[in-house]
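First the structure, then my questions, so here it is.
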Amino acid sequence: MRVGVYPGTFDPVTLGHMDIIARGAKLVDRLIIGVATNPSKSPLFTLEERVAHVRRETAAIPNVAVVPFDALLMHFAEQQGASVIVRGLRAVADFEYEFQMAGMNQQLNSAIETVFLMADVALQPIASRLVKEIAAYGGAIDKFVSPAIAADVRARIAANAARG
Amino acid sequence: MRVGVYPGTFDPVTLGHMDIIARGAKLVDRLIIGVATNPSKSPLFTLEERVAHVRRETAAIPNVAVVPFDALLMHFAEQQGASVIVRGLRAVADFEYEFQMAGMNQQLNSAIETVFLMADVALQPIASRLVKEIAAYGGAIDKFVSPAIAADVRARIAANAARG
Amino acid sequence: MRVGVYPGTFDPVTLGHMDIIARGAKLVDRLIIGVATNPSKSPLFTLEERVAHVRRETAAIPNVAVVPFDALLMHFAEQQGASVIVRGLRAVADFEYEFQMAGMNQQLNSAIETVFLMADVALQPIASRLVKEIAAYGGAIDKFVSPAIAADVRARIAANAARG
Amino acid sequence: MRVGVYPGTFDPVTLGHMDIIARGAKLVDRLIIGVATNPSKSPLFTLEERVAHVRRETAAIPNVAVVPFDALLMHFAEQQGASVIVRGLRAVADFEYEFQMAGMNQQLNSAIETVFLMADVALQPIASRLVKEIAAYGGAIDKFVSPAIAADVRARIAANAARG
Amino acid sequence: MRVGVYPGTFDPVTLGHMDIIARGAKLVDRLIIGVATNPSKSPLFTLEERVAHVRRETAAIPNVAVVPFDALLMHFAEQQGASVIVRGLRAVADFEYEFQMAGMNQQLNSAIETVFLMADVALQPIASRLVKEIAAYGGAIDKFVSPAIAADVRARIAANAARG
Amino acid sequence: MRVGVYPGTFDPVTLGHMDIIARGAKLVDRLIIGVATNPSKSPLFTLEERVAHVRRETAAIPNVAVVPFDALLMHFAEQQGASVIVRGLRAVADFEYEFQMAGMNQQLNSAIETVFLMADVALQPIASRLVKEIAAYGGAIDKFVSPAIAADVRARIAANAARG
C-alpha cells in the first residue's frame, strides 16, 4: 500500500488545496493530510479548527485522513509510513522553495519521494494569505474557498474585529 | 475618460516609482496614485507624509491625483471609477507576486484590467527597502530618490536615531 | 486618440490571443493587430490567411484593425501612430524575453510605451506551437482555438499530409 | 494497478534520466518509458537504438517497460492505460515548459495526472544536448552517462566524423 | 593585491558557505569574510560566536580573514580595501535579490565588482534557515554542516529549550 | 598569475560584452577572450572578422588577448592556463543555462572556476541577436554597439541584401 503525506497550514483550506488533495488521493492508496501547527505565522484559525475544516471538506474522499503534526515533515512522513510527500506547484517562486526543501529532504531520507502536482490552472493564483487579506477588507472570497469556509472566515474576521 | 490607479506604499517614493508614474500618466486620462496605509510594515514615514511626498514629487504632472487608501485595492479602484490598475515590473520575483494578485483580481472584478509597465532599465534595481537600508548606514541615496526625498529620509533617520 | 499595436504571428490565433485582444481593445481607442510575416518560422498559414483569420475572429470588436507588417516592430508602431505596444504575458519565460525586447525598444523610441497584459489564467498555458503539435497528431484543439480556427487547422494539416 | 508513462527522446539516456526512472518506478506499479521518435531534432541515435539503450540500462528494474511512440503524448498514455505522466524537473526553465504542457494536457484529458519528480541534485545539470556537445569535442562524459552509453556515444561520434 | 569580501550572517556557517569560501579564496589574494550583526533576524548564535565558528572552520585556508561588521556592505568593502564582493548563487530567487543588490551597489561604487560563484551542485539546496528548522525538530543536520557546527547547533537548541 | 577566459560568439560584439570585458579584465591578471567558431548559428561575420572586431574594440585594455577557438570550452581554458571562466549574467534565462553549463563544467574540471559578472543594468537588455534583427530592418543600433561595429553591421547587411 502506497501512503502519501500532503502537508500544509491550511489557514484556511482553499479550492487550490482541495484540487491538489483530489489529485493526490488518486495517486496513492492512502493520503494523509498533515496540518502543521505553525505557531510562528499566528494563524486565523486554531490547529483544531483547521483540522476540522479539512476533515469536513474532504469527508467525501474515502482514502484521505487528516492528522495534525508538530514535527519535522520527514519524521511525520516516516511515522505515517509514507513513501511519498505530495506538494502543489503554482509558480516559479513555489518551485524554488519546494526544490530547496526537496533537495534537503532527499538527504534526510532518500526513500521518501517528493512528488509535485500542478493545480488546475484556473485555481493556481489562489493563496491562503491573499484570501485572508481580501476577507479582512470585506472583499468576496467565494471563488477561492468553499461556501462553508467562506462563512467561517467571515465570522472569524468579524469576531476578531469586535474584540478589537 | 480612462482612469487608472497606481497603488503602493511609497516609503519613500523612488525614482523608479516616478518613472512608472510618468509612463502611467500617458496611458490613461487620469492617474490616481493610491498611497496604502500599510501599518504592518511600520513605515519610515506616516501616511500623511507619504501622501505629501508623492504630491510634491508629481506636482508637475497635470493628470495625476494622490489619494490615501485603507481598503481592498479592487474596492479602491472601483470607488475611483478606474478601469485600469497600473503596476510596475522590475524582476521575475515581482512578476510572480503581481501575477498571483492580478489573477485573483481578475476573479474579483473582471472589468478592471491590471496593466504592467516596465521602468527604465537603469532604475529597475531600486527598491524602497534597500534605499532605507542604505540610508540607515549613512550611504548615499541620491541616485535612487529625488534630492528632496533624500533630505527627508536622512532627516527622519537622524531623528529616529536621536530618539533612540 | 490613443492607438495601440498588438504584434504577433498568430499561426493560428488562439483563445489566449483573443483574450489579450479584448483586454487591449478596452485600453486604447484603436488597437492595431500587427500580423508579422515571420518567414523564418515556416508558418502553417500564409500571411494572408493569418490576417483573414484574425479579421474574422475580431469582426465584432469595433475599434480593432488588422494590418500585416514586415518591418521592425518599432517602425510599424511609429507608422501606425501608436503610443502603446501591447504584449501578453503568460509565464516567466515570456516575461524575460519581453523585458529584453521592451528594454531595447525603450532605447529605440522612448515615447512608445510597452504595456503588458495578463491573459485569463485558464488560457495562459495555450501556445500556438503546442496547438499545432497537438493537431498534427490528431488531438483535440477545440479548447484552445475557436471552432472556425480549429476547422482551418485540421483542414490544413490534412492537406499537408495528403501532399506528403 | 497504477500505470505511469515517462516520455522522452533519450538521445542518449543520461544518469539524470536513470534517476527519474528509478524514482518513478517506485511511484507506480508499472512504468512505461515512452521513447519519442522526434525526427525534427535529428538525433544521434536511431529510435531503435535509443529503445535498445533504455532497455539495456533499465534491465534490472522489474516493473519498467520501454515502448517507442510516434503520437500525441496524451494518446500514448491513454493507449497504455496510464493514469500518470512522470516528468523530471531540473530547473525553472524546465518547470515553465512543463507547466505549459501540463496545463494543456489537463484540458485534453483531466483523468491523467502529470506528476513531477526531482532528480538527485548532483545530477540536475545533466542534459543530453550538453553530453553530445562535450563528446563531440572529445570531452569526458563518464560522469553524465553509464560506461556503456559513453562508449556508444564515442563510437557513434567517431563513425559520423569518419563519414564526414 | 586583490582583496575580496564575502559577506553573510553565517547563522550557522554551512557546507555551502564553506564551498563558496574555498572557491573565493582561490579567486583573490586575500578573502575577508564579513560576518554581519543582523540583529533583526534574532540569530541562533551571537555575532562573537558566529565569528568564532567561521574562524575555526576556515583555519586551514591561509588567505582568509574573518571580520565582524555592522555597516553598509559597500562601506565595509571600501574600508577593507576590497575590489571584489563575492556572492554565492544557488537558485533563481537568490539571483534576483542578488542582482537587485548588485545593481544598487554598482551605483554606490562602480569600482568594486560583485562576483557570483556557484556552489557545488550537491550543496546548493542547503540554507541556514532550513538547517535550524531541521535541528529544532531533532532532525539530522550532519550532511549540511561540519560535525563541530552540528554539535554547536544541537547544544544551543537544547539550551534554548531548557530555558523555555 | 591568474588567467581568465571569457568565451562567446561576438556576432557582433556589443556594449554589453564590452562592459563585461572591462569588468573581467580587472578581476584577473590576463583575460583571454575566446571567440567561438559556432558554425551552426550561421553568423553574420566570419570568425576572422569577429576576432578582428573584438581586437579592435579592446585595443586599449592592456591585459586582454583575443583568441579564436573551436574546442570544448573547458579544454580551451585548460590550454590557455586559465583558472577562471568569466560569464556575463543578464537575466534569469541566462542564469539557468549558465548554471547548467557551470554545473557540468564543475564535473569536467573542478579546478577551473566559473565566475559570473553582472553588466551595467542599462546594458543588460542588449543581445547580439536583437541587434542583428533591428539592423536587418534598418533600425538604429548605435545605442547597443560601438560606432565602428554599427558601421560594420550596416555594411554587411547591405552587402548581403545586394547579393540577394
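Descriptive notes on the structure:
Chains: A, B, C, D, E and F, in written order; residue numbering restarts at 1 for each.
Assume contacts are C-beta pairs under 8 Å (C-beta built on N, C-alpha and C of every residue); 3 or more make two chains touch, one makes a residue touch a chain.
All figures in this text were calculated on a predicted structure; none of them were measured in a lab.
Under the touch definition stated at the top, chain B and chain D share these contacting partners: A, C, E, F.
Taking the options E-F, A-D or A-E in turn, the interface that duplicates A-B in more than half of its contact pairs by residue number is A-E.
Comparing the chain pairs E-F and B-E, the larger number of C-beta pairs in contact belongs to E-F. Between chain B and chain F, the centres computed from C-alpha atoms are 38 Å apart.
Taking each chain's centre as the mean of its C-alpha atoms, chain C lies 33 Å from chain F. Among all residues of chain C, those that touch two or more other chains are 92-93, 96, 99, 102-103, 121, 124-125. Listed by label, the pairs of touching chains are A-B, A-C, A-D, A-E, B-C, B-E, B-F, C-D, C-F, D-E, D-F, E-F.
Residues 2, 23, 26-27, 83-84, 89, 92, 95-96, 99, 102-103, 106, 113-118, 120-121 of chain B touch chain C in their complex.
Put simply, chain E touches chain D in their complex at residues 92, 121-122, 124-125. Within the complex formed with chain F, the chain D residues making contact are 90-93, 124-127, 130, 133-134, 137-140, 143-144. Looking at the complex, you find that chain B touches chain A at residues 71-72, 74-75, 92-93, 96-97, 99-104, 107-108.
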